[in-house]
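Letters A, B and C mark the chains in the order given here, with residues in each chain numbered from 1 onward.
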Amino acid sequence: MPELPGLAKGLGVTFKTMINTWTKGAVTVQYPHEKEALAPRTRGVIALKEENCTVCMLCARECPDWCIYIEGHKEKRPPRREGGKPRTVNALDRFDIDYALCMYCGICVEVCPFDALFWTPEYEYSESSIADLLHDKDRLGEWMVTVPDPPALEAGAVKKK
Amino acid sequence: MLALQLPYWEITLIKTVIVLSIIPAGAVILGYVFLLKMMAHMQSRMGPMEPGGFHGWFQLIGDGIKFIQKEDIIPSEADRRVFALAPLVVLISTFLLYVVVPAGPRLVVENLDVGIFYALAVSSLGVIGVLMAGWASANKYSLLGSLRAAGQLIAYELPLVLAVVGVVIQADTMSLQGIVHAQANGSIFGVSLVGNPFILTQIVGFGIFLAAAQAELTQTPFDMPVAESELVAGYMTEYSGFRFLFFFMAEFGTAFALSAIAATLYLGGWYQPFFKTGVMADVLGPVILGIKVMFIAFLIFWIRFTFPRFREDQLQTFAWKFLIPLSLVNIMATAVFKVVL
Amino acid sequence: MAVTEQQRIAYIASQAADARVNVELQTEEMTLNLGPQHPATHGTLRIVARLDGEQVVKADVVCGYMHRGYEKLTEVRTYPQITTLINRIDWLSSFANEVPFILAAEDLMEVEAPPRAQWIRTLFFELSRIANVTLFIGEMGVQLGALTPVFFAFRDREYVLNLIESATGGRFHPNFDRIGGIKDDLPKGWIAETKDAMRRIRGYCDQLEDLLMGNEIFEARTRGVGVIPAEVGLSYGLSGANIRASGVDWDLRRDAPSPLAWKELDWKVWTHPDGDSFARYWVRLQETREATKMVDQLLEGLPSGPIQAKVPRIIKVPAGEAWAHTENPLGEMGYYIVSQGGLGPMRCKIRSASFHNISIVPWLLKGVYVPDIITILASLYFILGDIDR
């Protein structure tokens, strides 16, 4: 069969795509009505688990944009065992992440030695005023419910002790 | 018209109102179905879905309203009167095209004996509007763009006319109603079921007419004058608001009109083999013509969305060195066959 | 009746107006400013061209509208922070920007990433190449007026971006490479999804070959336009597909030593003798297909093992200087790190491909017709972030 001229083949491609859109649907998602399911590792927003945070300031130091604002103070807590000394513990006063500056790089989540920061795939938190993009401690705590469960261990995996 | 005998001025008024409403209606329908929806489907997406609810049918009308309420900006160096008149000249040439297109055995504004000749002559008026727009904009890029556009439009007038000559030779008449009747009463090798649409014998002419119409409408692949991603933004640069809306309506209105003329010349116009006369023919005529117009417009826009654009000199070479000789050959062949058969 | 003073002034004014227009229409040289905001340049590039009629007499490239001070930023950041930032130099193929930097740092630290990490690095490198060049294949159509190919490009590129997202968390800026290896291992089911995506990309390449490359109008617009002879290209420092389209058989993946896994794969370097815009398009299309085949081979042969070598928690790179370069999608990208033993480099010089690729534009645009300027710029394929850093 003789080669179809390129012009005709091009027309065929667009025509076939049109038929595909009619029969199999478009590749686009009608956003407010349908939403795409994102991968669990997607970096949407950072959630804070306050009880794990020891105010070590590693995340604030390592952030390339310096968008984490932490304030804490030392407190005395009752001893762990009977008859011991009262422990000095860092208490968290303020933990703000400014999402207007955040680059979503994940360095803070990665360096936190106490697993206080988690990624979640939530992305619908746009605001009409830039100042509202500063998420404070409570709001960051609210994001914890959206953190996906860690993936199941594969067959033959060795559990960490 | 129809069964009424109204005084001349009343009939003219009714015809004027009908045509004036067909232009934006045709433009909106063509724009919505092909520019918004068909283009989207060819690109694996849906097109407008929100405005108006069902598949965004209100999109273009809303755009029109938006354009009308915009500020009217005229450059300070511009020639105000010419600037304001340019889109109107293009719109007038579109309006005058609809005068001869028949939509039914008795539904035509004016059945001129030189129908197609008049239509082609009037469509050239748009070139003046383009030149006026480029000149009055006081912007050297607009001027260059409009000179390029004028050159292209004039170059492609010739293949348009020569392609039509083939149809005229075969139909023995220049009146569009006459051409429809010639197709209706003809037969294909003795079978007169669907008449003899000239697309079968004039397939070469049909191709030339479509290519020339594509260039007349400055659609890709001939849209260098209005190229969106090019340097010179074209003769419409300085136009905004409702003046731009006029250009847009003129473009799509002309697309509708040229598709209607192509449907009349090559596909048999309003003719359908079931109801040849009577009221049903007048009722079905516009519907059938509408379907044929959609088919031709589909071809025009299909080509628009698939191909990249020609460079200006390649465009002119295509017209002068390819289309015109081909159309002359088509005329000769038609004339020979007309005498022989 | 005598002419009034008003009428006389009006007449003189109209003559003067006509004279002004006449002067404007004289064919003397006109300066065309293809300004920083323009749909045809991939970002804020400015080209000031002097035209004589339709031909360019002289063209100047004014870049720097997007300068973000990367080299200065690297002086005051630590290595993990820099890895995040340099993702954004060539944003379409972000992972590829991280690799030469990490390789230079590993060179100074004398740390070698384990084989699995090197293979996964190569995998993501080739995926970012596919993400980058599929967009080029589509958007060259848009520059020439074909509206549809770019939508196909975005549609099929989504599959690759989704893959990168499911493995790294970020579609565009993966921030995945670390000194000593990579951040995470691949998630479950990723390998099968990638094979599927590669099949789609190959289908997309075939579709675009029918739609655009085989199109006679496309050929008429690109053949013979913007011819770069090989010696001129090499003297201007062109790299990547631009120089391979002029017939120079040079590819850093094959010709330069590198710890990544390219030497273990069976692949071919594509060249084209013509050196015109069509050749550049053709070479990139073939390279995309080749990249999909390389990804398939990488998936087949992925070694098992650790993904990160033993590196201290706080990374201090010992003093020294190191240079690492790789064959990025846009060309040759390299980093020259001068370290004085601190947490971050003392100075990091970034050799970005597009900056050198567009240095040929003033030479190339001489004598070219105005519509061809767009074709040539589109075929050279630069990213503004890469030019300006």
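As a working rule, a residue touches a chain if its C-beta (ideal position, glycine included) is under 8 Å from a C-beta of that chain, and two chains touch if they have at least 3 such contacts.
Since the model is a prediction, treat every value here as computed from it, not as a measurement.
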Chain separated most widely from chain A, comparing mean CA positions: B
Chain whose Cα mean lies nearest the overall Cα mean: C
Centroid distance [mean C-alpha coordinates] between chain B and chain A, Å: 54
Between chain B and chain C, centroid-to-centroid distance (C-alpha), Å: 42
Whole-Å separation of chain centres (CA-atom averages), chain A against chain C: 29
Where chain A touches two or more other chains, by residue: 7, 10, 13-14, 17, 27
Contacts with 2+ other chains: residues of chain B: 42-45, 305-307
Shared-contact residues (touching 2 or more other chains) in chain C: 148, 152, 155, 211-212, 215, 217-218
Chain C residues touching chain A - in the complex, by the definition given at the top: 77-78, 80-81, 84-85, 148, 152, 155, 158, 162, 165-170, 173, 175, 183-184, 187-188, 207, 210-219
In the complex with chain C, residue positions of chain B that touch it: 39, 42-45, 140, 143, 220-221, 223-224, 227-232, 305-314
Chain B partner contacts - residues on chain C that touch it in the complex: 24-25, 30, 32, 34, 38-40, 141-148, 151-152, 155, 211-212, 215, 217-218, 220-221, 369-374
For the chain A and chain C complex, residues of the former touching the latter: 5-7, 9-10, 12-14, 17, 27, 38-43, 62-64, 103-107, 110, 119, 151, 154
List of chain A residues in touch with chain B within their complex: 7, 10-11, 13-15, 17-18, 20-22, 26-28, 30
